[in-house]
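First up is the structure itself, then whatever we jot down about it.
Letters A, B and C mark the chains in the order given here, with residues in each chain numbered from 1 onward.
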Amino acid sequence: MTTSRNLRLKLLDAAPLLLLAAVLLAFGAVSPRFLAPANLLQILVQASSLGIVAAGMTLVLLTGGVDLSAGSLMFLSAGVAGWLLLRAVPLPLSLAAALATGLLAGLANGLLVARLRLMPFVVTLATLYVWRGLGLDLTQTRAMNLPEGILRLASARLAGVQAPVWVLAGVLASAHMVLSRTQFGRQVYAAGNDPAGARRAGVPVTRILVVLYSVSGLCAALGGLVAVSQLGAVSPTFGNQREFAAIAAAVLGGASLFGGRGTVFPGTLIGAVLIQSIENGLVVTGADPYLFPLITAAVIFAAVFLDSARRRNLEILHHRKIRPDAGPS
Amino acid sequence: MRGLLTSRYLVAALAAACFLVFAPLIPGIATAGNLSNLLWNMLPLAVVTIGETFVLITGGIDLSVTAIIALCSVTGALVMNGRNGYLAGSAAAAPAAIFAMLLAGVLLGLVNGFAVTRLGMPPFIVTLTTMMFFGGFAVWLTRSANIDALPPAFNRLSGVGTLAVAVVVALAADWTLRRGIFGRWLYATGMNPRASLVAGVPVHAVTIAAYTVSGLLAGAASVLYTARLETGSPVLGQRIFLDVIAAAVIGGTSLFGGRGTVAGTLAGVLFVALLDNSLNLLGLSFFLVLTVKGAVILAAALLDSAARRVLGEAVE
Amino acid sequence: MTPLLLLDGISKSFSGVPVLREVSLTASRSEVLGIAGENGAGKSTLMNILGGVIAPDAGNMVLEDRVYLPRDPSEASARGVAFVHQELNLFPNLSIAENLFLTDFPRRRVLGLPLIDRRSAAQAARRLLDAVELPLSPDTPVERLSQGERQLVEVAKALDRDARIVIFDEPTTSLAARESARLFAIIERLQARGAAVIYISHALADVRRLSSRILILRDGEAAATGPAEEFTEERMISCMVGRAIGQLYPARRPLPPDSQPLLEARGLAHPGILENAGFTLHSGEVLGIAGLMGSGRSELARILFGLDPCERGQILLSGLPIQHLSSRERIRLGLAFLTENRRDDGLLMPASVLANLALVDPRSSRLEPVAARVGVRCANLDRQPVRQLSGGNQQKVALGKWLVSQPRVFLLDEPTRGIDVGARAEIYRIVAALAAAGVGILMISSEIEELTGMCDRILVMRRGEISASIARPDFDREQILRVAL
């Protein structure tokens, strides 16, 4: 391996942290208010919902798939919770129902992808519309104002840090633990790298896929609940295109669209904070709000481009050699 | 059974069967007014779906078509609108605007084509991203306002003009796919890009051309939709996003590439338009219509996968 | 002492082509059975049957006095058959330890959750790595390992399973000398442990050195078997090769002395792939390229055709330098390339015969005459998908598409792989006719007999270099094989 190629790969691996630093510095230069500790903590709180959804997305990306229905699922679950709450169903039950909705929807995605062997993007593109349609029907396209209780939950503090951040921490910690310290987790990486080879080695690939899509659905639901608890209402456009931000956060955090690469911690955390910083920074610096989707799209494009570039470099590196003792390549 | 499953005419047959069964149950479906409405809905949809078919045949997908429709619409309107358009009031406004819209479609298609071939990025995420970008750009350009006061000469394109465009596009596309060398190259690339490359097929150029055609036809569809609406709108096309994908897949164009015909696509467009029409006449809420369409895409994808498995092709 | 493993009358055919014919063998504890044979002799198929990848059509297998018929590799593994493949099954994005224990990590419970016991895993991995003398940390990501090191990890995986039988398939092809010595020590240790070892290799000297008994496969049959002492390398080679030729190959006139040079390669080199490759192909000549799999022959063909880059050297077509031209331009100048694997990059499987024939030159009106000339037999040239044709007919279509544009130079890579005798004879007839018409033919083949039957001259490649050039009068099958090894 030549040193330049080695260096290029190392740089690509460290990209998430470097990008985050670059973004923080850039916005900080334009508006010093951006780097104030209160604002940075605010970014973290705002990023919690996205981070939770992106964690689920990372899991799916690890298998080489994608979950385009995440945003709609955020909306549907929040809608279910709101619908129940407005009918005086107790808070814990409503929340549980919302989470169950996410889990079951994710399960449906997983079964379609793993057992019926349909392409993940087609399945989740279709279910994107199914969930959104159901959600809009449930909410009758009216904004649902949620009872006080939920807002209080969101602003509750533990050790001075707001609840959403703790939920995020919990999600990241458990996902990280499973991925890095359990047999199941390590098998996920094998299945993502080479599904056929993993099957040959005895890894239960189908089961892994079904589980991960279900968890992604659960994370979407949880992320949706965290977000509406901060907003206090479920609007008809809630969660719209949020899956892109989640994909961007995951890919910027180092997850590859091709599978087998990426971490939830610190990867997804950095990615989510990065995206949120961009959104926050654009507001603080008074940028034209119409530019937001353009910038998000450009960021995703850059992230996917880097991912593809890294993959191509790796392929060139590992091409089998006829003359293994020959000189440098 | 096997022959039926893989037949190109499966969908047309299914569509016919479905509607023969359901037509009596749907109030108002057979009225002249409704059928006329149905026809005018189908024509621009057919134009853009034919473009999508080209991309699907190569084994890719273009999810940005509806955003291209929006951006082209806004572009044209900015050129020709009577209030503050670049060519406001001029006789050349309409033709220049049409040219600009088609050109915009071509350029946007080229962007997609290059990203997929030169940068080696997966088509679905490339075109999802460009969908966001082009759509966002259209909204930014107009501050999400519509642009009306389009010249009457342009608006007159709806009606017979639309029919003419749709027929020309369908005939030209069919000829290209069935007779031209480009058509052969398109199918070859979709069936086996490696074998095609070895045999000297310019696989990269063909792929870029497919995305460019998709962009061009999205631009043409944009002309038709904008003329019908008599307004340039930055959210034009959002409503038909699902319809395009569904119609293409249902029409027998495989998501895996190498298959697809204009006739099949037209059958798919007919099916989707009838479905949309029926669901609306039945009084289903807009949202449930979305749900049903999503489910229909799933069913079509399932049929596609099943057909490939029956044919002994790898489904991975 | 009854043998540990007994195979009796194993037969297997693929698409009607017999690959194994009633092969029997035994393997005993603390013994190494060496297996040698040419490419296509049936070694891989036999080992795939043993390893549970495919099932035999006929015959019995008995392991430790019980019937042995594994339905998949994990069953084979469970019965104690460990297989170190030539193609490694490792996951580069995981560490060595994770690859070793992917489905059975040592675990401990923490707060009721089954977590990986990292320390035990590292220790167990360390022990296995010591056994194969790989002094690397168990946490090293596999993507950083060389091919040889990865192979040692595969061996370690096999050791872990406490295997009764360990099969090594071509283990030294990508190993440097030092790594090979380590491997031999491991094999001796396996023997001492009581395992039966099956060692398949082209390196005949190694096979002789390591084995207690040797089996030679030829054309799917057990051609010779016995104690290793009874085999010299010469005897091994002649057992691998000997057979009457028969009337398979068409008679060919010798090359006229004034035949023009058509394709010349000078000093072709690309790091890690080719080194100083050069030759001259004349008009009307059939030039064969012999060599083992992995010796760089297909890579050379791809470079000549323009699909892969080449750092140094020249390629001349009738004196015109073409090394900077794209493959499309080379096709227009008259080059053609029948690739090794028609399924992957030779045919459009869902398309018809005519559609495939039109792939290189879509405007041609000569499609049907060409179909007739190559003798494609199918129900409907225009409608039947090529996927449904027999291997021989498929290969004729893959070949035919190039004939439509009347090439001047034809590169053939394993042109008769996986097709029956009748179709092979027809393809040889076509090749001979092309040569008679002045086309220059480069034929890569792993069957030495095919090369000696068809070619005017044979080049032998080894590790990316052309190590010999043998003219027809000097054809000697055994000598060619010896040079290739």
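We adopt the following convention: contacts are C-beta pairs under 8 Å (C-beta built on N, C-alpha and C of every residue); 3 or more make two chains touch, one makes a residue touch a chain.
Computed from a predicted model, the values in this text were never measured in an experiment.
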Chain whose average C-alpha position is farthest from subunit B's own: C
Of B-C and A-C, pair with higher C-beta contact tally: A-C
Mean-CA-position distance for subunit B and subunit A (Å): 30
Distance between chain centroids, defined by C-alpha means - subunit A, subunit C (Å): 44
Distance from subunit C to subunit B - Cα centre to Cα centre, in angstrom: 47
Subunit B-facing residues of subunit C, complex: 305, 307, 327-328, 331-332, 337, 339, 344-351, 355, 358-360, 362-363, 387, 401
Residues on subunit C engaged by subunit A in the complex (per definition of touch): 73-74, 77, 89, 91-94, 98, 102-105, 107, 113-116, 118, 143, 146-148, 174-176, 271-275, 294-296, 299, 463-464
Interface residues, subunit A side, partner subunit C - complex: 177, 181-183, 186-187, 189-190, 192-194, 197-198, 200-203, 260-261, 314, 318, 320-329
Interface residues, subunit A side, partner subunit B - complex: 66, 68, 112, 116-119, 121-123, 125-130, 132-137, 141, 195-196, 241, 244, 247, 257, 288, 290-294, 296-298, 300-301, 304-305, 308, 311-312
Complex contact set, residues of subunit B against subunit A: 63, 115, 119-122, 124-126, 128-130, 132-133, 135-137, 139-140, 143-144, 242, 245, 255, 285-295, 297-298, 301-302, 305, 315-316
